[in-house]
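Structures given as structure tokens follow.
Next come two complexes built around chain A: one with chain B, the other with chain C.
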Partner chain A sequence: MEVINIKGTDDTPNVILDKENAQFEISGRSLPEDVNMFFEPIMDWIDEYAEDPLDKTVFNFKLEYFNTASSKVILDILLKLEEIVENDKDVVIKWHYHEDEEDMLEAGEEYADIVSIPFEYVILDD
Partner chain B sequence: MDELNENKSHSFLDFAYQMYKSMKTNEINLVYEGEVTQEITKTFTSLTERSLSKNEESNMVQRKVFHVMVECLQNISKHADSLDGEEEKRGIVMVSHGKESYNIITGNVIKNEKVPALKESLEMVNNLSKEELGQLYRKQMREGTISDKGGAGLGLIDIAKKTGSKLHYQFKELNDQVSFFILTSTVKRT
Partner chain C sequence: MSKKNKKIIKRLKKYFSVSFLSETELYVMSFFTVFLLFFTWAGVSSLTSGRFTINSIFYIHTKPFVWFIDFVILSLPLSFVFFVNYHKIKTAKLKKELNKLYDNSRQNVELAEKIGRGELDLDVKAADSKLSEVLLNLGQNLKHNQEKENVLNWISKGKDLISDILRSYNNIESLSIEVLKKIIEYNSAVQGAFYIYDGKGMLKNIATYAYGRQRFIKQEIPVGKGLIGETAYEKQYVFRTEIPDDYFTLTSGILGDRKPKGLLIVPLVQEDELQGVYEIAFISENVPEKVFTLAEELSRMIGQTIYNLKINKRTEQLLKESQEMTEILKKNEEQLKQNAIEMLEAQEQLEKSNKLLESQIQEVEHGRKKLQALLTNASEFISIYNERQQLLFESPSVKRILGYDDDDEDVRGMDPELLTPKGYRTINELFQYLLETPGGQRTAQYTYLKKNGEKLFLETRGTNLLHDPAIRGLIFNTRDITERKRAEKEERMKSRMQSLSENSPDMIIRINTSGKLIYVNPAVTVFVGVPASELVKKRISELKIDPRFIQFVKESLISIRDENKEIISEITITSSEGERVMEIKGIPEYNDDNDLESILFVAHDITEIKIIEQQLKEKNKKISDSINYAQRIQSSILPDTKSLQQHFPRSFIFYRPKDVVSGDFPWFFKKDDTYYVAAVDCTGHGVPGALLSFIGYFLLNNIVNTDKNYTAAEILDKLHYGVRKNLKQDQEGANGRDGMDLALCKISPEKGELQFAGAHRPLYLVRNGELIEFKGTRKGIGGTPLPRRVEKDFENNIIKYQKGDKIFIFSDGLPDQIGGKEERKKKYQARRIREALVEDPSHTMAYYSRFFPKDFFEWMGEEKQVDDVLLIGIEL
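The block that comes next holds the complex of A and B.
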């Protein structure tokens, strides 16, 4: 599969999707004006990946901030990853947050309530 | 400079001074009237972020103010109508702070036909508890779709949920076509 490697800006996140090296990560800020335009290639990639996933997928979210439209897209990504779980492959979400950013932890917990994928919470140091 | 121009420039100076005084009295940190684009949104949020961190405001409060500003500004850049049917999305944005809270005030023109539905959404959000807001947010996130404008219909729910304060709003009818919509969101400092 092709590799997606998008460098973040002050309103769009860093995205690395690399099946061969088992790297799946979305990090930084997400408040694009048009979420569909930004996330469409990412959703398409995950759609394709879900058809033939690795035995174990560890997906990292290291978000500092996201707007409401992005929150909806993040759920769509998680629902897509849930399909992989339903097909009996392992998926783990690593949800990273800064210790003093309780809202980011809460956001992760809310997603964990909605989707049936195990979440691990990781405190970021920097 | 002829007399007329001199008068004009004098009254402008006076206006600028009155404006400055009134901003000081009302502890207004930022005022903007004009086109609201993604670039403007980014500029304001980073300006506000910088001034908040200079004030040594708590991280939680900073994040909330930032969040409310993004949602309000993106609402304007997606939904604002205009007086003359122009495509440009304009609005007014103000941030003020007092001892107990920050106020983020935004205003924009809206077609009268859209007022009842917006009023209904605002009232619904104001009548929900924090828990109910969370439930509604999750439901809307699951069942909603992203509109052509790139919105998810989550902004107002989120502002109410994040700030824990009621949304104060007003509609001032400008003519039989459009009204001016003012929204005040409050972020408590404690």
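The block that comes next holds the complex of A and C.
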């Protein structure tokens, strides 16, 4: 599979999706003007990945900020990953947050409520 | 009469008894006494009166002396009787004592005889003399010792019996059953079983024996499990009288109701190492102590034997293996000997040929040195390869030519590692051709990586001289053609640039430092309408073209000369096609000594772009006008601080959209005596957010208008489904993610009641300087329903409020704002809001209405605003 490696900006996140090296990470800020356009190739990639995933997928979210529209896309990504879990493959979400950013932890917990994927919460160092 | 007197009388009687005298003796004694009396009286009478009569008898009795003599005579027989009796009594007494002593001694003799005969069940009552006591003790000790000896004899006999069996079997299976049989028999047990420890945590039952019959029950018991397993684990024998009903499956049928009452389980150990376990069952629960002592002895004895057997088995195995090994070694040794002889022969052969070779080498060495000197300094290098493409020879000059030092090793002119893929292919094709063409010759070019990483262009001429006996290889003459390549490339580039320039729609003019035109491209002719030949080699000031252009070039020359910097500017010039707006770049060009040599002017016609830019500006203005207008509409329907204060005098709305129009909006509604207030955050911001805000605004109005009894949570539920329906998110295939988060309060002052429901948003209630947080529901408004998931309803909070309670609701724009004074920009954080609210209980609403905007802008600093910001505070 091709590798997605998008460098982040002030408004868009860093995205690394690399099946070969088992790297899955979305980090930084996500408040693109058009959420759907930005995330479309990412969703397509994950759709394709879900067809033939690795035995274990560790997906890292290291988001500092995301807007409401992005939050829905993140949920879509998690729902797609949940399908992988339903096909008896391991998926772990590593949800990174800064210790003093309670809202990011809460956001993670809300996602964990919705999808049946194990979440690990990791405190980010500065 | 007193008792004492009676006793005295009895005693007197005894002493004065005359029973020892015969009747005759008594009469004789009485007669003799009377005679003596008369004789005496006659004597006395004769002395006094001379005559003896009755009267004289009376007469003499007037004298006391006669009475005394009478008394003496009468006491004589009495004294005699007394003496005789006294002796008699004394003798009787002595005789009695003598008899007693005799009895005692006779009994003791009997006792001693019994002890002598070994009859030790002695009667304790007999112990009434010191000697008897000693004898009795002696007897009891002897009895005790005998019992002890019996036990010891029993144990040692048992040990001997088992030991005999242990000696006579050297296989565990038959040993175990025989041992078990004997143990059962000897201990008067009824049944038993024997287990061997396999060293891997399992006990294997290898013998079971019950009532004289051998049984085979394959059973495995893990150490630590059950009675047997526990015993094995503890390595301590166990005697149990309470036996589980199902313990011996074997017995239930045979014994009927006579189940064993005692069970002894004994571990078999060797030096504290478990070897096995045996168990035996007894019909009675009273099992003598000696059985246990024997069991302890046997535990070690049998354990040792089993251990020995195991060791023997292993030793046998090892012995067998070692014998086999010896056999193999023996064979190998012979082989080795043979080999050594062969090797010795080969070595001798080798030494001979080495000597020959050395002398040959010496010869060749001289020739080689000569050649070396020639080749090291050649401007090309020669390589010879064999037909398998292996390098046979390469001139020493290869290192110098390829940019390596003399001490670098393994430098090869066609090192595949240092060739480009294309070069590698080229070389391979060259080899292929040469191998197929005897005597053939061909030239090829390839690139090579120098030591310093630079690219080297090489040209090699290969010749197939495999048939030549002097060479017997493919010979390659290779030289460095980098410089030639570079020159060729430059030439090519120049002509390409030329062609680019000739065909460019931009005007390109090169002017030297004195203002003379060196080059113009055809576009210049098109623009100024003067042929190129009339322009070249003339001074710019001499040209008959737009003076504005001439003026610009002159100024540029001065500026570039002074500052050595590229310039760019826009000017309008009159061309053959009328007024054109040109963007002109002046680029300084330097010679090899880094002196300014000429300036290249490139003028690009941006007239069209300018027009489009203008149009864009106009369009943009129209759009902003329209957005501004939209903003007026939006702000006209939305409440502001002033309108809120009409109902709640101490309140404020801090509202700061990111763009002109906003996705966040405050909402306020009053119906009868109920007030509704909400801080709403629609997905997105700007125009799309604003459009969504209208849907939210009017849906909320409609919902509360329909029924004022809806709780805050019910309003959110209705809004949720309303948004979903309006945006058609509930239809199949819908992909809408648009929706809103909000905090909604329903205030009923009459009841003093506040209801709160939140979609991802909380409510902060400040009472007497303390903050109470009501977290909203983890659910947003709107959005396509998630497949296979049940949606929860919003949670309603009912709060009895007090006068002076302050409530705050807000969108996430404020807590999410990036900023701060530190190097790493951070989010404002909800915590900062909470801390501000409890900082000082005396802070008023008016204070907060000033504080939050101020703090927000200070926090944001130079960062851009991330989202719409909305904060509503109300004092109830």
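As a convention for this text, the second predicted complex is superposed on the first by the 126 of 126 C-alpha atoms of A that agree within 3 Å, B and C clash if a C-alpha of one lies under 4 Å from a C-alpha of the other, contacts with A are read in each partner's own complex, and residues count from 1 in each chain.
Operating definition for what follows: a residue touches a chain if its C-beta (ideal position, glycine included) is under 8 Å from a C-beta of that chain, and two chains touch if they have at least 3 such contacts.
Please read these numbers as outputs of a predicted model, since none were measured by experiment.
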For A:Asp52, using the defined touch cut-off, is the partner it touches chain B, chain C, both, or neither? Pick first, second, both or neither. neither
Please work out whether A:Asp88 is in contact with chain B alone, chain C alone, both, or neither, and reply first, second, both or neither. neither
Using the superposition on chain A described above, determine whether A:Ala69 touches chain B (first), chain C (second), both, or neither. both
On chain A, which stretch or stretches are contacted by chain B in one complex as well as by chain C in the other? 10, 31, 35, 65, 67-69, 72-73, 75, 100-103, 110, 113-114
Touching residues (chain side chain A, partner chain C) in the complex: 10, 29, 31, 35, 64-65, 67-69, 72-73, 75-76, 79, 98, 100-103, 106, 109-110, 113-114, 126
Within the complex, chain B is touched by chain A residues 10-11, 31-37, 65, 67-69, 71-73, 75, 100-103, 110, 113-114
In their shared complex, at which residues does chain C touch chain A? 681-684, 737-741, 778, 780, 783, 786-787, 789, 812, 815-816, 818, 824, 826-827, 829-831, 864, 866-867
Within their complex, state which residues of chain B touch chain A. 38, 41-42, 46, 59-60, 63-64, 66-67, 70-71, 74, 77, 134, 138, 141-142, 144, 146, 150-152, 154-155, 157-158, 162
